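Letters A, B, C, D, E, F, G, H, I, J, K and L name the chains as they come in the text, with residue numbers starting at 1 for each one.
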């Protein structure tokens, strides 16, 4: 049976490609998911993709990954900076998790510099646009091999 | 076709008129919506009113305003002080937005003094009870005329 | 008619007994609810139990307690530390509320030390595992007798 | 005898329409006063307008409003952020006071986000340009009717 | 031989029932001790009760509990917020300790929100008046059974 | 030639006896000056009294005390908390200065707890109403005798 | 029966006149007590004087003042800055209390600027050496007459 | 027509040469103005000199420089640290402005380290006594030549 | 001519594979460089690798990259948290720069959470061990293709 | 007559060798005192040893050292971090004082990093276990020889 | 023998004229040194110029100035904000030192507002580009004459 | 083969005995090294002494101690307060390390109170001048014997 990576995108990412394109680029969410799916396939993974504007929706999605998930690639969006619930969910399911941000959150407003999720993620990749997601998949694949 | 103003009310505002009446007054949410609708009509606007106790529900409502909305009057309630997601949603849809609070949030507990939403709102009106909503509609109407 | 206590559990508590057992123990949520129900019965109360991973879901549950609720026992989980909305909901419904935490939140990460909910709760019980819930029920029962 | 609204403008507002027009617009102070006077008349109020670059001058003007003033519309400008004296004067005369700012002070430099005056004002209107003053007059008029 | 619970009350609790009754209630310290003794007996414990206005007196009392004490119920009063010495004493004797406060310290002045003792207590019970002490005894009894 | 004490009162003290009487009492400024003058006479001092709502006016008054002043009794009012200029003026004229506040500023809002003037005053007397001024005069008289 | 003022001096004041004389002067504690007693007698008061280096000793002394005390003059010394217990004791006995400091604590190290006791004292007198104690007695005497 | 430099001195600088000479030196304000006038003449500038102890007076003086002023040399004294109004006035008139301080403000009390004016000045010169003013004139002259 | 990526490693990374292996792993610096070189070759890049324990040495190395460098992969190690000089060097040479950390710096000591370098880096990759360097090379390669 | 060193140990040090041995080691207080006495004798000093759990007890002990004490070796334990009274006592008696801590307080909880006592001690020795006390005696002996 | 001024430039200033020209201008370091040398000659000084990207290199250069140096003109660049070592070196050699910055550091990022060096410099000149260096030389020349 | 202690001195310590002698004394670095060497010999240790003004130089010296070093005595000087690199180097080589400061850093400027190095040192000795180094050697010798 194929191993599955859960791709979880947070609030406002459904608008991807259509808002603040100077920050987030013109790739849409559908295109992004397709790109990640292709990269995942390259490494022998299936992909389950979820997007929610609800903090609780993201918690639910993380819980869902417990059943059969190999790892999580998550862009918690704005909830990165405010959600202890998502942080605890990731810690609770104990799957290797890579946090991704399209923009470089450390070069923006002060309130974006801290992410509760980073404290429990295996790794964090920021500022590299959609490419960051692909690198996250490759990182998970590598984790699958060693350690 | 008539231009539409989106009236979005946040958590606990469904209890309006029935809780902490010494702070929030005795007008119910239904009465408030009717008053705002009348003021909107006066300025030639239709009104779409949403109330949600869910942060994600407010994000969804703001996104919905993108389709045909002229502007937003929002009272994010308690989420004003904690939600980057709502802030980003408003920034994302890029409609003129007036933030309203029934009470004067600057004269209450320290944690109510900061609003993430205020950073991206066109204007903020606080402390004037239901009248504040009517002024917000008039403000949007004026923005419609000039600039 | 029997008086009802509302038992409200927050995010990730659906995983109880299966995650971080060294912190939260091995009792499952279902077992916990049963224990609380028994204790409530002992004091002549019915129990209505809700669990939600959604901040808004907890607000809704608190509002629901207004109709016929005698008091609330709530473990807001991670939302304790970030939710003004839940704090305002409790203040709004004005029922005696006991906040419970399974672990001793004051002996963990700094961000867990502050709870918005504590400011409006009648009392707070932390660090005593499932027993804390039972004590909360007894506390409510006592409040029912005096004052 | 006609009721009077006191319009009090603070430091640098005498330069209105001629400095930082991208922030404050091109309306001059004289034009602004005329607009406010017209709106006041609409609601049956006379208007007394004062502008001063002196903190003490604003304190004096607020004191003067005690004799026959119905309410105050004040833009304390830079003194909003630094003056306890003006705050105390407003609290002292105990007239309903609406604080107005032309720009959205919450979206500018950090030191503009806090206003001592807001703590004692009945309401605050920011970011709406000259229109904000007109809304403030209308708000005062409404207060005159009820409560 | 019967197991003993040490009940340790801190500064100003000798005035209980006679000062700030709107906060602390009208039960006197003697009455409180009697109530706790009864609850302890119910669970098969003897009780040794100490009250001191001296920080060092509380340290001494905690040390004394080492000899034969089963657990400690402590209300460190004002020293909760300022005493590292008491914190270290509790950590040093390593008996299960329940911290109790009559009032809800999280809803009062900011300097009461932090307790050094909470960091080393097994559990904390606040805001429930004398009942909180009884719950603490029951909690200790439960700890005696399991874990 | 008789030695002179300068009595300098700051902003809003011209309203004394007519605003916030629950905090500041019902004695008017004129009555207060007369009381202080009588106490000064008792100790063989003349009195020169100034009141200004202007920070610069208080600086000017302090400078004026250089010519023939024996000492200063000053209630800088709201400027206590915000004025480095008044602080520097007192330091500059190097006359013994007693700072007085009618109310206990340490028991009010946080922003009233710090006074720039206190850093350069010989002594500070707060919370004793008009009596505090009389004590300040006596303190100056004592300083006149010894050291 | 004569009314009694309690004079309570805190830690290290037993060394008065022999340590740091450039800050605290050369008057000894015995001389100081005699001076205060004389001033008290002048106003018809008896004096009970206590000095302790123990925080709990000061709490005990304050409690003792409940029986027959008219008011308290207290110099809590170093405990001013660290003791919530003394603060609560003063609040608990509810006698008019004047806090005195020999030196001007606002012009010294930062940790001396805040006094917990000031929050509950009727008035505070600092920087005036032994004279400050005499003024405190006179202040209490005045409080005895009015209000 | 000759270009004019505005020399604006703030509070307490009228005492120059007579107060705190160990910090500010013995040059009087009149002597300083003469020195600056000579340096200005050397570079072909006329000089208009203003000194005021009033924050509003400094705002007025800055506004006055708009008419025909080439640049401003300002020592805002104590208002540097507290005045947003002066900061905004300088930003408003948009003339090149050099901020001067006689003493090295960064080596004194913490509250002197921050200057609101520095944020909008072209350059800042501190610690060089009267010479700093002459350098400021030369700097303005250079700005006049290039850029 | 082949494009070159500069690989710059900061202080203590010469000890890689031999210190704190539970945090940094057992790969040596030489092995790491070889791995990165191979990945670079895969994307058609040459690699120039530098390691220095000197902050100035890293500044020099960044400057050196200006001549012919395509991009920079840098692990500034401990200097990430303290060096404005390295931050400015990267900003100065204006080459696309990926910051890499072997461990997840956001899950360690508080002083490791902030990196001055992150503010000017194009992207940041942390917590993924040596794999993070390989991903950084791939990220640079992608940047080479688009944008 | 032999010179005397005062060895003063603070709260919980009576438990030495029996609590938290992984931090404080297994040497008991009696053994420690004997070791220090031997080292003192080696340098020609007598030793007076005091241990108290009371802050005031430590103040008293420091005062006692005034009579004939050559110097003080003090481990204020938990009071290091909270006691201004002990700090002032040491400053008051003006004997050379060496502060000792068994453990390295800078590598433990944040609240242990600051010691009020360190501000007035001649030197501080931490982290070296009982040996630290011996070094402190040697340090005092050296001070006895020179300066 | 001619007196020598040491001109010391810090990190990244070797890139002067080639990086961030909108902030730092187009003058190169060589051109700047030549300009300063000419100004120094005008006042009868020789010039020794050093630039280093190494914090230790700047410390060494400051030490070198001890031998025959008349004064120091230093632009510590990024090390201004982070280096206690350079601060101590300047304090240690005790030569009059003028700190210069090309840009106005108080109008840039928050971390640039504080300079450790300013605490020990005689004077500070910022925001005036290369001219600032020339003014610094003139300031040193003046110090040579009087003071 | 003889065991070696590494003595590492940081920036500005090459000036020892010639700068700020009121703080650091008149012993030169050479004299200090000779004294430490003698003490080391007494305990059977060889000594290798390094001094560097470069942060990286100190990192290099610490690394060098790995080969054959028994322990490190380090005075990191100004880098104590700013260097994470030196902290990590000490942690990396894992030799017992005693941090020494000639002056009592806790009684000086606030920025000297925190040392990154203290977090990883075995012990810290401050304020005892050159004697402190000798005590550090003795401390290392003792560690060599036990534990």
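Rule of thumb we're sticking to: contacts are C-beta pairs under 8 Å (C-beta built on N, C-alpha and C of every residue); 3 or more make two chains touch, one makes a residue touch a chain.
This one's a predicted model, so the numbers in the text were calculated from it and none came from an experiment.
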item: Which listed pair, J-L, C-E or D-H, duplicates the contacts of D-F in over half of its pairs; value: D-H
item: Contact-richer chain pair (by C-beta pairs counted) among J-L and D-H; value: J-L
item: Whole-Å gap between the CA centroids of subunit A and subunit B; value: 31
item: Subunit C and subunit L: spacing of chain centres that average the CA atoms, whole Å; value: 55
item: Chain centre separation in whole Å, for subunit E relative to subunit A (CA means); value: 47
item: Multi-partner residues of subunit G (at least 2 other chains); value: 54-57, 82
item: Subunit F-touching residues of subunit D, taken from the complex the two chains share; value: 54-57, 59-60, 63, 82-85, 87-89, 91-94, 116
item: Residues of subunit B defined as touching subunit D within the complex; value: 98, 104, 106-107, 113-115, 118-128, 131-132, 135, 138-139, 142
item: Footprint of subunit E on subunit J - complex, ascending; value: 10-12, 14-15, 19-20, 52-57, 77-79, 81-82, 111-112
